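Take a look at this one; I'll ask things after.
A, B, C, D, E and F are the chain letters, set down in written order, and residue numbers restart from 1 in every chain.
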């Protein structure tokens, strides 16, 4: 039943997203023993002007 | 003060979303006793290539 | 595939939580057409000193 | 290491978002003592038909 | 209507949490123009063995 | 900059959690190209009476 949500900056290709989802599902399966049909992965893309570290947005660098 | 966030695949009509929000608010009110003015419902749509069960995205089926 | 997360102040009885989860699942099913086996509901309790409106925490009222 | 996520209705200008991110980062730094390089702020805009209080969406008022 | 959720490592005093919530509310009010009664702040504490950067948990350092 | 949050039912050992965090970090690094120091993983345990599929909580099965 694990539900995994990954926030990442926009800009990855669809191939990268596909691989990301597959590998993370595998990693969760191997380490928790959950059946793959019970593992959910959700991607959430962030715009560069909506993400900041130290008060500086990715879009302002 | 309940805050309810519903993630769902994109593709519902605006009528469905309106009904969803109304019914869920009602369900929360009836069971928790919270006043409706204190119940917040937020919808978050997921793209089909951003949601996977068992490592397979909805867009890849 | 809807995933519904409800944050609420601690203090509800287990009966209330059970009813909440059942009614909200029903409300989502009726309005989105999703099969019940695809509807997930998660409750997240908040401590009263971890929740504030207008800068005043529930624990400080 | 604080991670701050702010959901807000769409419609703020980029200047407002920039100021929001800066001021919130400062507020977290001053009160928690975390170094700014360890403070992340994420904005998430909500569409007006995806946000409701009391069962009424912002788009239906 | 902004809803701000701050995840932070456990260990802050209640005084620090109170100040954090007050200052962040103020920062949101000043920069978005939202009335304080519409600003919600939620704190979520993370255990040190539930938080990792670079694959190393805070509890394993 | 990816931030990965994994909700899972309580009951895993600390060893399992450690391995989970390491493997997921690796999976994100390999597929997104992000440096490990920019990858955050957060675990959130759910009580069995706070998690339901199809309206039935894990604690009521």
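Going forward, a contact is a pair of C-beta atoms (placed from the backbone, for glycine too) under 8 Å apart; a residue touches a chain by one contact, two chains touch by 3 or more.
Just so you know, these numbers come straight off a predicted model, no measurement behind them.
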item: Minimal step count in the chain contact network, subunit C to subunit D; value: 2
item: More contacts between chains, C-E or B-E; value: C-E
item: Relative orientation of copies subunit A and subunit D, as a Cα rotation angle in degrees, nearest 5; value: 120
item: Equivalent interface positions on subunit A and subunit F, same or different at half; value: same
item: Intercentroid distance (Cα basis), subunit D paired with subunit B, Å; value: 20
item: Cα-centroid distance, subunit B relative to subunit C, in whole angstrom; value: 12
item: Approximate Å spacing (C-alpha centroids) for the pair subunit A, subunit C; value: 24
item: Residues within subunit B bordering two or more other chains; value: 3, 7, 26, 40, 42, 51, 53
item: Overall pattern in which the protein chains touch one another (line/ring/star/complete/other); value: other
item: Chain pairs in mutual contact under the definition given at the outset; value: A-B, A-C, A-D, A-F, B-C, B-D, B-E, C-E, C-F, D-E, D-F, E-F
item: Residue numbers on subunit C that touch subunit F, as the complex places them; value: 14, 17-18, 21-22, 25-26, 36-37, 39-45
item: Complex interface listing, subunit B residues touching subunit E; value: 3, 40, 42
item: Subunit F residues within the subunit C interface of the complex; value: 7, 46, 49-55, 57, 60
item: Touching residues (chain side subunit B, partner subunit C) in the complex; value: 1-9, 12, 16, 19-20, 23-24, 26-28, 30-34, 51, 53, 58
